[in-house]
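Consider the two complexes below, in which chain A is the common component and chain B and chain C are the respective partners.
Up next, the complex of A and B:
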């Protein structure tokens, strides 16, 4: 396995001042365990300080650095160069922003707009159940928790929503998951309100069970499984 | 169907062929094979809609048996017989892949890679068997027995699914799309099989007219046509909804689809009821 790779990156650029879009290519050498966010930083340092991209935690917890690499939506803080070369069988990569919201600049999208879908499903307990009579905390049995705990790992990186077959008039897999996880949560009592959102025209009828959401999820959540549970009527 | 999963034999060969297409290969790598299957399902559905429209037009000549018989001469040529056989591919793929989706969504069958293999294995068996009967063309089955079995199979599959869906809060049209799919699975695959299994049934105008005059067949064909057009119309409206954001354009396109398919469904039903 080579220690360094000669990479070619075709990066989508967008200048909001001139409203010009173009693809710029960068050639650089990179070590095999560099991540793509490290490569972007290297480009900023060595070649082009104007390239805009976004990241925060850089260890797969915040979902800020989601991008499309050779068409696949993923977290660039988790993608090592050697893994990318193995996955795509090439050392040349297209880098594009996620398609879920308008681009602000280069690889940075308007996350506020992307989050509007998640906010529309009320990602919080709308009407909490009364606390346990023997204490202040509400107790959830491990057996119940096990049925939906995987879904709670979603970080709203929007990779699933970008990969989804349905791009219009749909809440998107992660927003659906945010609703389903609270529907399965015994602390939530506003079940009917959640059901109304779930089965609305922008909800389950728009899912095609293509399972691209499951395929791309960086947190390895079987998103399609949870949406199928909703269709089956087994998540309330 | 994870792209990184090792494959052997026929499967590896077929995947190799598919991956020669850059577009298919890119989608398989970036979204998974099931995403590609969804697109194949849509394309197969689109082909079937076009064929159903064409089929209805052809059958509308049944009011004038002599004209119909002369038109049928064209379909006896080798190229049309070959196309008739090729049509079995989208028919059986759409039917079996739809079954896979119903099993995933409503019966919690999550072994998708296995299910996808079954879609292709059963599909290949169906297409090859159909081809065999088309070549031999000397089979005879009792229409009454054949259609009774098919009607029972359709009733059972749709009832099982209906029972599964009836208490869910999914929309009524969404449920009907699934139930109609379950009903059509035996009916469409059986219909195609019957036309070639029983050689005269699909080619001789007198046999067709005699079959259509039976009350039981009239009822079954009427249900068949109604469900096929509903299934096709709902499918097309769904695709429009997936891509057209502007509500006025979306509604306009949906009205157009309903109008066109409704007119064809009316024509089809009229042939069945009046011939």
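Up next, the complex of A and C:
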């Protein structure tokens, strides 16, 4: 495998000062194990310091760097050049922001709007169960925890929400998941309120079980499985 | 384009301003809300969302002695922390953090954190480096954890609790200058990146919790945003910072990105090897070998590299040694170290089951920070506090860690000290002075600073200066230090600072201008680096993570905390704060363990 690749990137740009949008090409050479975030940094350092993009942890744990690469929503801090070349069978890539929220500049979006959906499902315990009689922690058997622990791994990167086939009037897969976690959590007693959220017009009726969410989730959570459980009423 | 005149666009008046919405800041917010429902709190963060704060990446666990544990005792935990700190933590703080630890684990659990469980359904615990029973005799099991994402569990819990209580967030918003009136902190000027507006936030109490600050090293486990902003604001205000020389290097960062490869890998039998394949730790530490304390392993790894027995990574062009995991049985690979091994596969394209993994010491944690009282009140000198200003989390130094931190003690500190500060703020709010109007001198620092970035001309390039800074700090103010290197570093830092004045922005918009942000952050990195170097030069001894080749032993003459002030670049004024020894002085049971003891493992 080559050590260096000649890459072409077509990056979506937007300038909030002039409200102009365009696609800009960048050509560069990059080592095989550079991540896409390293490439953006390289572009900033060597060609164009004005290109704006987002990241934070840069190892797949915070969900800040989601973008669409050749149409596929993914975490750009986890995508190595050589893997991208293998996956997409090309050395030319389109880079676009996730489509779940308005763009502020270039690849930076206004996540607040997207997060509002997660907030609306109340990702905390609404009404906690009374504490254990001995006054210490709740008892949750590993078997029970096992049934929903995967759903707790969601980092709200919104890749699933971008891929989801339902784009309108829907909470979206990750907000659904956040509600389902607490439905399955034995410490939550406000189950009826949670069911109401789940079956509301913006909830299960909007999911078309197409599994695009599961397919793109970088944390490999079977999102569609949890939503299907919820539809069948097997969550609480 | 000529830059617009910068000014304060509007004023916000919450009762409490929290700068930094990570684990510490939001635990504090939750405490205030529980004690004083209805308090209006505004929390600002550099991130897209508070949930993205770096606390969410912590892996291993949070230390706490469970009162139901038949063998573990709080006094052991306190002793381990004291010993680990190389006798420079404050004993009043050790007590304040270790005693309520279990209660705070329960707080998290009752508020929805998904701790891993034992078969009986109780919170599970695992052993961790430096945590022992019986004053250093046997391994203790006191790290409570959520699989290998304990930090995420904590972050999600305190974030969701803050939402529940109606804390208001300003995301992608930078604190740029602290405001004072008659010596009392009355808030801060913040810059909202998405609209480029400077807003004065006036509050009765301001809590700083801006987290880690080690992005000035070439390889660092810290996130992109950890550029020492908080410390720079403190220095700018003429206030001191404490013990900045104490930077912890973790021995196994993945070469290049610096991602942490947990101690667990060596715990499961991983062996460090040099370029000739020699398991070099056997030579330096014949008994403990690869499981010697973090600072020792980091130093020996660097010695191998410096003496030419390291390798150069072909892609990252950085020196490293190897971590060998090939002999570890497949089932262990699959069940216990899967996630971390996944990092090697994903980020350096190496399969740890069949290939050697490239690792190098990574800057990980800074024990020092803004000096505070045991209640998290920011200090203006060794004795007096600044009214209205509080600090907690990795940003603060109370100090629990002295010159070396034990794994799992940081998450514990966020939660316990976050709570303590919340309690203090809530108690002080009812008769706290009103912040009044925007101070007349508001913007005296930030506007000239940003105007300078927007107007500066010159041929210097930001990226060059940033890279040179990282190389300099790694080579001369890194794992090993000596007088000559530190003096050279200080001189070079002065040059870099000067060069940074001659960089030109490609675009002068104030809206989401990433390059502008980088200029501002670079200034902070340079400022904090200067204080690290000067503090390290003055401490002519080795203590914890601060290692001086020319003074390799700990020296009782330096039995104090370093306080450093810097209002003009390079002009650092040093002073001291005594180390609290109240457990020892109280003379209770086992008090003799808290004397100035030898640090041997």
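Definition applied: the second predicted complex is superposed on the first by the 235 of 236 C-alpha atoms of A that agree within 3 Å, B and C clash if a C-alpha of one lies under 4 Å from a C-alpha of the other, contacts with A are read in each partner's own complex, and residues count from 1 in each chain.
To be clear about the criterion, a residue touches a chain if its C-beta (ideal position, glycine included) is under 8 Å from a C-beta of that chain, and two chains touch if they have at least 3 such contacts.
Just so you know, these numbers come straight off a predicted model, no measurement behind them.
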**OP:** Have a look at chain B and chain C on chain A after the superposition and call it: clash or fit.
**Re:** fit
**OP:** Please work out whether A:208 is in contact with chain B alone, chain C alone, both, or neither, and reply first, second, both or neither.
**Re:** first
**OP:** Using centres of C-alpha atoms, tell me the angle at chain A that chain B and chain C span after the overlay, to the nearest 10°.
**Re:** 170
Original post:
First (chain B), second (chain C), both or neither: which does A:62 touch?
Top reply: second
Subject >> chain B versus chain C as contact partner of A:140, first or second or both or neither >> reply: second
**OP:** Kindly classify A:70 by the partners it touches after superposition: chain B alone (first), chain C alone (second), both, or neither?
**Re:** first
Subject >> Residue contacts on chain A - larger count, chain B or chain C >> reply: C
**OP:** Between chain B and chain C, report the minimum C-alpha distance in the superposition, expressed in whole angstrom.
**Re:** 17
Subject >> chain B/chain C common contact set on chain A >> reply: none
Subject >> Touching residues on chain B, where the partner in the complex is chain A >> reply: 2, 26-27, 29-32, 34-35, 37-39, 101, 104-106, 108, 110, 112, 164-165, 167-171, 174, 238, 241-245, 250
Original post:
What residues on chain A touch chain B, complex-wise?
Top reply: 68, 70-73, 87-88, 163, 165-170, 195, 198-199, 201, 204-206, 208-212, 214-216, 224-225, 228-229, 231-233
Original post:
chain C touches which residues of chain A in the complex?
Top reply: 3, 15-17, 31-35, 44-46, 48-64, 78, 80, 82-83, 104-105, 108, 110-112, 115, 119, 122-125, 128, 131, 136-142, 144-145, 149, 152-153, 155-156, 182, 185, 187
Subject >> In the complex, chain C residues that touch chain A >> reply: 47-49, 51-54, 56-57, 68, 105-106, 109-112, 114-123, 147, 149, 152-153, 156-157, 160-161, 163-164, 171, 193-194, 223-225, 256-257, 259, 314-316, 343, 346-349, 461-463, 505-507, 509, 511-515, 518
